[in-house]
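Down below are the structures I want you to see.
Below are two complexes that have chain A in common, paired first with chain B and then with chain C.
Up next is the complex of A and B:
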């Protein structure tokens, strides 16, 4: 059948007016390793049909052969794998030169699928919901059953090793009027709105955008609306772009969908809907068959007979369902339609064009909250009440002469073959009846039990037939049965389109590139990237103890609290006092919840009477800011809070030679008398206005220098340059963690958890009980009343093994505590750490048993810092 | 001297004799430089002066981080020729001006009842302009581009967005996120045909 460009001689018609193929542009692609010739404008399906293919897929459960049915991208019958992408609807996917297309869900070939055995002999063993009943024993075998089911049933396969199949972007749009659907009514609505001077966007699922030009209207096509969400948000799948459209007014013009008829053999290749046949003939100039029978419920459906005749197809019979309701079946041979039985008479044919009338595509409207009601006179569901700002025009609003034919969709009889209610999920009429017999009488329950309406067509071709079935079987009516809940997506959408580009915000300090240039290994700290080390963390620790170290601490959260009530506010937020903090002085502070649980810590410096500078942990700035603003929304104190985290870079330079370094950078008296421990000063350092904080998280004499971040690299370079002869070297987070552990300085979130409070965390000195109130005071008083249950203590290991963070502390075989931090310290010459232990064990020298690699190791409790316990070096 | 001077990049002073020649650079400078952008020192900042790519179509992505940004809380500041005033919240304003006049603008807006903070260092600025700049913006933000200036999210990062013309926008984001936002913008611009710009 193939050979000539563009397909088989028998299928491709002579050039026709309005055809969408360009016969001067041949394209070839591979189908099951066979080269297929096509024309530009062909879809994969049209090219394959032209090449003589009639079986395009195998069905979900029974592996029955399936052929083209709707040719509009709605049904599952033409789904194929293109490259690594499964479930591509070949009837709407344009051909591209060199593309590789394969059938899916097949064992063997499309024409000889070995899994077809489930259709031939598996029927009695695989009724609806069989896996709920027959595969529950023995329970341990379920993983095996599941694997078998997943391999045998289903749609395409995902390539687990594949990465993104292509580039997907997301685009946000705001429009005054969005028209969904580019048919006659949609175009008229768009023209009308544009004529009124409104900004109008029209989307259509077929490729009408190529030739559709409406003055003042932007057209996006082919594109499918996935749903209508709150706030009139309409996500639109346009292939490689997901449009997120917000509209002031939405006009739904999605038209109506021809409905299948329910009869034995209604899924055979050769049974088609009129719209599919029209597209084959008119869009791609294809002859859909040789001998056809047409069955329809109105002039629109029956008019396809004229198209067929014009395409050279012999129309053997036309049945108008308005005048008679025949008993109907289709008979196949070798997986193709060969005859149609009408009231007992068989008519040989290779094409049956059958339609049970048209049902409005109201799903988007229902998702938006429209009331959908059954119109018994026309036999269709129609939207009756629409939400504000959402309109329906044309067929979707029920503006059509004739709907579906209630009786015709139920009249199947006379054949031995299966009668499918849902061709996506292979749910048969028998399955539905069985579900009712088993007690699933409601349509929503039936949906869940049988999976009807849950397949790729999302109910477009099965919703109405199954409602009709239910109405008949339960001797009620369609209005009583009602519809299932309409949920997005209205059409299947690829995960790639939903995921977009996969971007994730990353925060970098102003010195980030210098760290990379110096060979730093970077690590995540929340959304920040920080240097873990520059290759030798141990040497970095030594540099800080013996000479000078420089670390980038720009990631610290930094807030300004400004206003006449700033001191009052901080007094209420923290357990310690700030009203008496002198200008130019710093105090350590711990933030706790109203339940007294520690959630952040940092320093608070007073810049002037009404201005305080608050630092937080690296990941805590946003949380603390929110916490501050939340409380002040209640207290209404006269303050303003500014987040200046990004505005300021911060460097901590520390070590015994830091007083030699500082005068080289600033005209500043850094003697202990002029610049005491916990002093804060503003000064120019290397020509840049800075604030300097004399604090000592790493345990050595040192200064934090905070300055405008655009000078980050300059300041980093300058300090390393002028300190080179003093032995300065950069250190990273790993060295910092060792240094702070030597001083037993806690890391909020590491050494504390959601249950930790300052009293048990070894900081009772921070709580000023004489204050009137502060956040968490009542809870801390409760802790005092009930007595302390556990304490955060230091420990040192007897041997050199390092317990894991989170490791268990064991007593009499039971876990009684946990390790929060642990490192080897060269300075202490021990493995040191911190741990939560029962109060009884929180004694200097108490012995602990810590589980390390499955065995118990001995450790000793230490209550004072491991290094510089009296703080002489820090405060010198 | 104000207690908040340490926030002001324009107060940096060179002292060549001591080897102090502070030069501010935006957090995106590396990314633009690596793609061929040319920078020159202007008024204490390294300023992007030449685009890194010269393709003929698509939107330009540029760097305007050197522009001074002064946050004012309280009554609206007076308009003047040397500044733009953008409302960023109830009684919250962002005053944009050249870095050279940042000091005088700060001084002019400081009045009782107002709190003035220099946020020049806090916010990096991207400039998006040229053909399909609007399309690029639509791929970066869900803000209504006809309703700018506005505060919202750009590439999931908090941002202040201004529109200077039909195909011309400025985006101000926290400087620590700007390298990431720049990467996203350039990635999106690439499929529309263009890369970085002056």
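Up next is the complex of A and C:
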């Protein structure tokens, strides 16, 4: 009756005491390209209602018009698209200036939805479970059916191009007392606990307006408890923060919820719950209709008649279900309620406030392990036995005058319209009856078959009615039917909140910024970022073969194993021997489980009698450290293990001209006599104390230089500067992969998997069978005894096509092996690779046929390295 | 899984900080029969009830310890350091 901005057409009442809108701050937003005026304190739904909108969405299956129903953020009726976010409950979403709101699940407009035809004619063709039944004939038409169904199924549309709608975070909280629910009982419990000096946190799902202030109590609102998990963990969705709250004591004060009545036409816009009507009138000063009929069970529900009268609505009839149980139906026209039939008498009205009484919201308690039982006297399910540390107060505990009227949800007869048990999933009474007739008698089965209780309200408005229906249809009772299992989430939660912010750690080496400055393309290696190449991987390979290459290998895991038992320990961890490893020498080792499965490899160098320097793969440092620590927790040997991966940077400088380079950096004799292949030395390089390892992962003469990380950039710059005239060039992981493949050096995890053992992976020479014991020994012996099934071999392609990694090796049309690595090698002038093949084919020169892009290509097996097969260059 | 584990060093912490290595097994000693090895590798008692397990505090102090956990309720009743587990003399 107000024409003020935001007043809409006669829906906004004059200012009222206690209203939650601020009429002095107007806000406007777009609704289907229409500008809507609202006030601060309005929700999207209240503003739209004020503007005269009555249809807010179209239903899931039948595309029936739906209007405001609960106005408390529980039912699916008011869900809209806000910006790029679908399924926003407009009745609890505050208006923001300029927001763009659109209806969803609509083909056309809310008032003329083309898919409404499913409601008119779909009935006989779309009964419950129709997609399992009707649409399987003819079978070849399924792809077509599927496409159509996919298109119409689901609620809302995800914008595939949308980025996350804001930033989400997760916060861990520990409190003494957590109170869920800020109603009367919740507040009382919070005050009580705070009064006795406890640390109290209260969460409430509404908290619109000025919110709650309770002395000594922290309040988070609006926020919803998603569930109660093991260990009294309560995830709480506070919009863009997910709180993981752990409490010593949880007080559940989630109240009770008014339940719908089942009658034909019970979903028409204009049929509402009392709580929804009260919020329209009291919070947003809206006039919910002109002529109303109120049907309820108990003074609490019926008192809404007074609110209606106060708001200028004519209350045509009030039916107290405690005194009579009329036969009800609602009649609609053009998608609006126009009349209610009560025992055959029609009463014209545009608002039907109908409630079947209140059912405790016990879901959180049930999730926590509470026993839920039916109380026939009050017609409700109540929590009876609660787990330790969980309390229930107020209505949720059943502390209310009356619950739901047992028969009240079964008043539906007469009228031709559908009677909905579940408005979320559009499950009708008829669907439920059909499910029973088809033998889905248990409530859990019925739930899965009909999808009742599985929609956005999570059963808040359909669980009890559907149990009642089942009890009646099967002539049993509610206690016999029982409840379905309560599971999280108790309220819908966006994936963004669950996912939180991406906090996967990124590891960068001490030389990272130099790589970027030199134009490297970076790639992930576990959590490390490594240079893939500096623009021309082939040229980088060439530089290593013909002159000099420099690669940052700081990502290698580096461990120090120190102590009198260090050699004994390592002998037990690896198949190699270490007791006889001389100080200053290095051995290659492969780590495997007691099942002989390879999981990492690296080098082990002896720095002194009791000190070993162990390197692992780039992603293996933590795994190996854990593995070592675990075995030593078992054996309790006298050793200490230190992870120095981050403390030390490492560079590998390799190529035929490396002996010209080294003297310019270090006062060190690098002749082959005094610094042999697999020697380890400690020396100053460019003034920095380093550990030098002469190893040859990339196949050319080279040195790994390990030194304190703070000198990373200095050392990188120095080596490049000193080696400039020798043609030094930085190389990345791609070049390294080609180089190591030419040498058939395996990459653990790339060429091996959880089935691989060292013998079949072609490294039997590593295993020292005469050792008393080492991890994996028995299994390897068993592998030997049974005979090898497959072997890891090299192959070269006859033509230039490159098989994909994981590509199949085929014999007589059957896959018999797979490619693990494959690259073009300029040096070999062929496509080379490694593959697992049956032992019979693991012979030099054996022919393989490999699937490449769908066709079979010829390859030959090679057992010796493709490059420098006898290792002359490496050892020279 | 969202229970708390009392780490012998750090006190009660969220289970997500830890790694479980499964029930405690005993590695056979040489000479071990095929059956002993197979049982050690592939057989687990898998009890429904209190079970002694290896746990590692990966996102904490990084120690391995033994915990007795009821597999039905996830209640950890005892934790201990493996001081003499299978000590090699």
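What to note about this one:
One rule holds in what follows: the second predicted complex is superposed on the first by the 733 of 876 C-alpha atoms of A that agree within 3 Å, B and C clash if a C-alpha of one lies under 4 Å from a C-alpha of the other, contacts with A are read in each partner's own complex, and residues count from 1 in each chain.
Convention: a residue touches a chain if its C-beta (ideal position, glycine included) is under 8 Å from a C-beta of that chain, and two chains touch if they have at least 3 such contacts.
On a predicted model such as this, the values are computed, not experimentally measured, just so you know.
Using the contact criterion defined above for the overlaid structures, shared-chain residue A:773 touches chain C, although it does not reach chain B.
When the two structures are aligned on the shared chain, A:633 is found in touch with chain C, with no touch to chain B. Legend: residue contacts after superposition of the two complexes on their common chain; A:616 is shown touching neither chain B nor chain C.
In the superposition on chain A, contact of A:77 is made with neither chain B nor chain C. In the superposition on chain A, contact is made by A:231 with chain C only, not with chain B.
Between chain B and chain C, B touches the greater number of residues of chain A. Touch criterion met: A:594 reaches chain C, while chain B stays clear of it.
Chain A residues in contact with chain B (one complex) as well as with chain C (other complex) are 172, 246. Here chain C touches chain A in the complex through residues 1-4, 14-15, 19, 21, 27, 30, 32, 34, 37, 40-41, 54, 56, 58, 62-65, 74, 82-88, going by the rule given at the top. Residue ranges on chain A touching chain B, taken from their complex, read 167, 169-174, 244, 246, 501, 503-510, 512-513, 528, 554, 560, 562-563, 607-608, 611, 640, 642, 644-648, 682, 684, 686-691, 706-711, 713-715, 718, 721-722. Residues of chain A touching chain C in their complex: 172, 229-231, 233, 246, 568, 594-595, 622, 625-626, 629-630, 633-637, 772-773, 778-779, 782.
Within the complex formed with chain A, the chain B residues making contact are 1, 3-9, 11-15, 18-27, 30, 45, 65, 71, 73, 115, 117-123, 135, 138-139, 141-147, 155-157, 174-177, 179-180, 184, 187-188, 191.
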